[in-house]
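In what follows, structures are represented as structure tokens.
Consider the two complexes below, in which subunit A is the common component and subunit B and subunit C are the respective partners.
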Partner chain A sequence: MADITAIAKQFVEFYYKTFSGDRSSLLALYRDHSMLTWEGTPIQGAKSILEKLVNLPFGKVQHRITSLDAQPSSPSVASLLVSVNGNLVVDDSENAIPFSQVFQLIPDGGSYYVFNDIFRLNYG
Partner chain B sequence: MADITAIAKQFVEFYYKTFSGDRSSLLALYRDHSMLTWEGTPIQGAKSILEKLVNLPFGKVQHRITSLDAQPSSPSVASLLVSVNGNLVVDDSENAIPFSQVFQLIPDGGSYYVFNDIFRLNYG
Partner chain C sequence: MSVSSASAPVPGSKAIAATALRNAGLIDRDAPMRDATDTPGGRKGKLRSGRTSARISDLTKDRPMSNGTRMHPIRLSASTGSSDSISIRGAARPSALGGRIRRNAVSGTGSVGSASQIPVRISTKPKAVEAWRELVQKRYNAEAKYLNLDSMIDDEVVKKYNLTPPGFGGNARDAAVIFKLASQLKPEVQTLSLANNNLTGVLLTQMHKYLPGLVNLSLQNNKLKEKREVSMISPRKEKMPNLRELVLTGNPLRENAIKNGQYAVYRSDVVRRFAALEVLDQEPVSQISFDAPHASTSDLPVEKPSATTFPFPMGPSFVAGIDGATFSDFLVRYFNALDSQRETLVNAYDPAATFSFSVNTTIPTRAKLSGFHTSMPNQRKLIWGDWLEVGSRNLNRIGSDPEKMLSNLHIGSDKIIETLVKLPRTNHDINGSGEKFCIDAYPVPHSGSMALLTTVHGEFTEPSTGGIRSFDRTFMLVPAPEGSRAKLNGWNVVILSDQWIIRCYSSHEAWKAGPLLVQALPKQEPFTINSLPADQQTALASLPEAQRNLVVQVCAQTKLNARFAVDCLAGNEWDLTRAIANFNQVKDSLAPDAFL
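Take a look at the complex of A and B:
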């Protein structure tokens, strides 16, 4: 599963870099049937998801990844399930908050889009 | 997504109850093409997965769930993506260890089996 992990790592690094640098560009990674569950709140569709992400109450964000695991999510399609754990550093706070995030990525014209996205902060 | 969350909750509660009570009975929940990534180690197939789970170096285990999120994982099949966060209490230790686990559940004759399973302990 070396290739799958490499693809997942590349995607996640790009996703978090975009999240930190220009959150509105994440729109291109979602589709109308994409789903985000953010801290328990379900949101559907690229535009609604972007509205949620862009309006989050923090400016500068850094995701420090501690683990990344990937598996094929279908026996027939080259889709990927990706599980990420790490620490979120918000607005240069000294307190990193553990997070976990799950993506299902669907192949689309040489690239991937996000069909499933589940995000949780772990307050412990 | 109320129904999906209810199904996911029911499955996860059954899974962790079986994990605590009779780990070998988890065999029925996996298939030959099922995948487990346990702390970064990839394992494929129901028998290999069970061998891993049964031989884990702890006796008594309790999963205390802090969050459970579920989404449909396919536009066509009634499969489910389930993300669980919580604390693992091993052998009555006073130290609960945060964990995150992701399942993809595939419908199969009125029930579900586990196609994807990714487990991580977060040492923080």
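Take a look at the complex of A and C:
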């Protein structure tokens, strides 16, 4: 179980670091049957998700995590749910936007991919 | 296992469907547990229907279709034999039409269109177009709005004119001709059957353009093999928005999925491609269909972001794949019990469920800008200690203490309740404004069947202080198994996993769709005589008060300085309206020193 927290932390760190760096590298973290809902808009498939993320209307982005939790998403199936609160700093704006994001991660080989991803701008 | 018809789906999905059916049959919206108004504020923002704020309770209402009729008259499904006892709220009612479809179809030869109205710009010979027109019109039952293009290769018209139907030598252009002809039928085609035509997705790419209003579509016994062929029928951006029923039985895509134990994945994949599908392969898909007319937010009438707002507006809730009544009942019951009888929630959790909560003490920007922490006196009485001492699992904070992290993950319904009862009391105003809550929920494959991944964002009051907190909650829900403790206690869904983030209160309209304020708006002080420079104030002191007030008004509206404002008014007989009109005529010729 301690594993879960380690995986969640590593994943989140990697995900947001990649997001700030080369957003297009996030493609590797999604699959064709992955689903993202971004502010209530459903988007399915790694390519479409990436298109959405790459085309978000901001250039430089930094995610500052304020809270992080993780659990197995089910007692019987290997997968985990990671829920994140954080602040989104866009183009060096001094006004960070809080966000909330939930990932469902599925083990695949030695690593994990994002099966489901729910993103919300949050209570700014 | 038989794969020849939908009456033999894989056990997992059948169980889910059966559960859904029973749930729907059992749950009465007006049942004593709650009445229809007793539902949570579901949604931030506007639905496409133009209501100003939607709630979960809206999901339980029978949603009218865009054309105002509640349900389409025709179903493609054969009866499953039990339809009489089945009723899914808001979902299609399986009906027993099967055998009658063909009879209906051949009777519809009455409508004869004008022969020259189709400027088809494709290479099919005009003669062929007329032949296809003959076939399409012959096959249309206008009364039922049903176009039956089953087994076109066997049709006498096809034989007579030696036509090559799509799938039998005809290409996508030929198919487009047929769809175009179909689009010209009056009244508009609602139900289309293309069964037994050897069709692949590539032949169907034009269908959604010509027949975007289709409600029922049968592609039974064709050659669709790949998932992407379903996308060709319903491209992501132009999902067939009205399609309620789809039949893919007898296509390799479905039959292979069944063979490989991927049936649930197949259903989920297909259902996701359509905005409003309710019946797939003759099985109601209330558990796994897109429920909503608000499947995307692209045309919401929300304000555009401005310089002081985030470059992306907030969207409304997204709820898909669950019968609205079931979902609403769950949320209402859960949050009511959480507020008043936490110990009864022991039945709402799976015996092996997991729960954790984490505290996020960061004060949100918007709350800071709005000054809630000073202007709302009760906010200052809130203390985090009551929460923290029970064991917050914010991995971002306590990462150095693995033992604590572990003990703060509560496993099993009994342990979960033990923890929940220790936490401060809450009061969720689930009947309140839709702008106070936001929900994302959609089905995800889980262990051979489906689960519902759900996030709820919102706020609650702590009754001990009257202060308000915001929260984010993530649930993994599955239908409660027959005979389970949850089921026996009336919970139709059971929680497998629950994560609760408690954080500082953000805003009265935290979840209102639209721009997100990130900078304080410039304060608009009312313009008074004191807004003028001191020397101008002095100069005005000699004027009678009535005239002085007029001058101030002119200054406020025109930004002229006091001297020019006086001149302007004097030249217009101290008539404010005339003075302003006069100013507007000459303002471009005024020197900069005329202004404040």
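Following the convention adopted for this analysis, the second predicted complex is superposed on the first by the 121 of 124 C-alpha atoms of A that agree within 3 Å, B and C clash if a C-alpha of one lies under 4 Å from a C-alpha of the other, contacts with A are read in each partner's own complex, and residues count from 1 in each chain.
Here is the rule we go by: a residue touches a chain if its C-beta (ideal position, glycine included) is under 8 Å from a C-beta of that chain, and two chains touch if they have at least 3 such contacts.
None of the values given here were measured: they were computed from a predicted structure.
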item	value
Superposition on subunit A - do subunit B and subunit C clash or fit	clash
Subunit B versus subunit C as contact partner of A:37, first or second or both or neither	both
Subunit B or subunit C, by number of subunit A residues touched	C
Which superposed partner A:58 touches (first subunit B, second subunit C, both, neither)	second
Contacts of A:97 with subunit B and subunit C, given as first, second, both or neither	second
First (subunit B), second (subunit C), both or neither touched by A:69	both
Superposition clash, subunit C against subunit B - the stretch among 5-13, 473-481, 563-571 or 581-589 that is involved	473-481
Those residues of subunit A which subunit B touches in one complex and subunit C touches in the other	1, 33, 35, 37, 40, 42, 66-67, 69, 71-75, 81, 83, 85, 98, 100, 102, 104, 115-116, 118, 120, 122, 124
Parts of subunit A lying in touch with subunit C, wherever the complex brings them together	1-2, 5, 8-9, 32-33, 35, 37-44, 48, 56-58, 65-77, 81, 83, 85, 87, 90, 93, 95-98, 100, 102, 104, 115-116, 118, 120-124
Touch list for subunit B against partner subunit A, complex	1, 33, 35, 37, 40, 42, 66-67, 69, 71-75, 81, 83, 85, 98, 100, 102, 104, 115-116, 118, 120, 122, 124
List of subunit C residues in touch with subunit A within their complex	227, 236, 265, 269, 272-273, 290, 294-298, 310-318, 320, 350, 352-354, 356-360, 362, 364-367, 393-397, 399, 402, 405-406, 409, 438, 440, 442, 444, 446-447, 451, 453, 455, 457, 470, 472, 474, 476, 478, 496-497, 499, 501, 503, 506-507, 510-511, 516-519
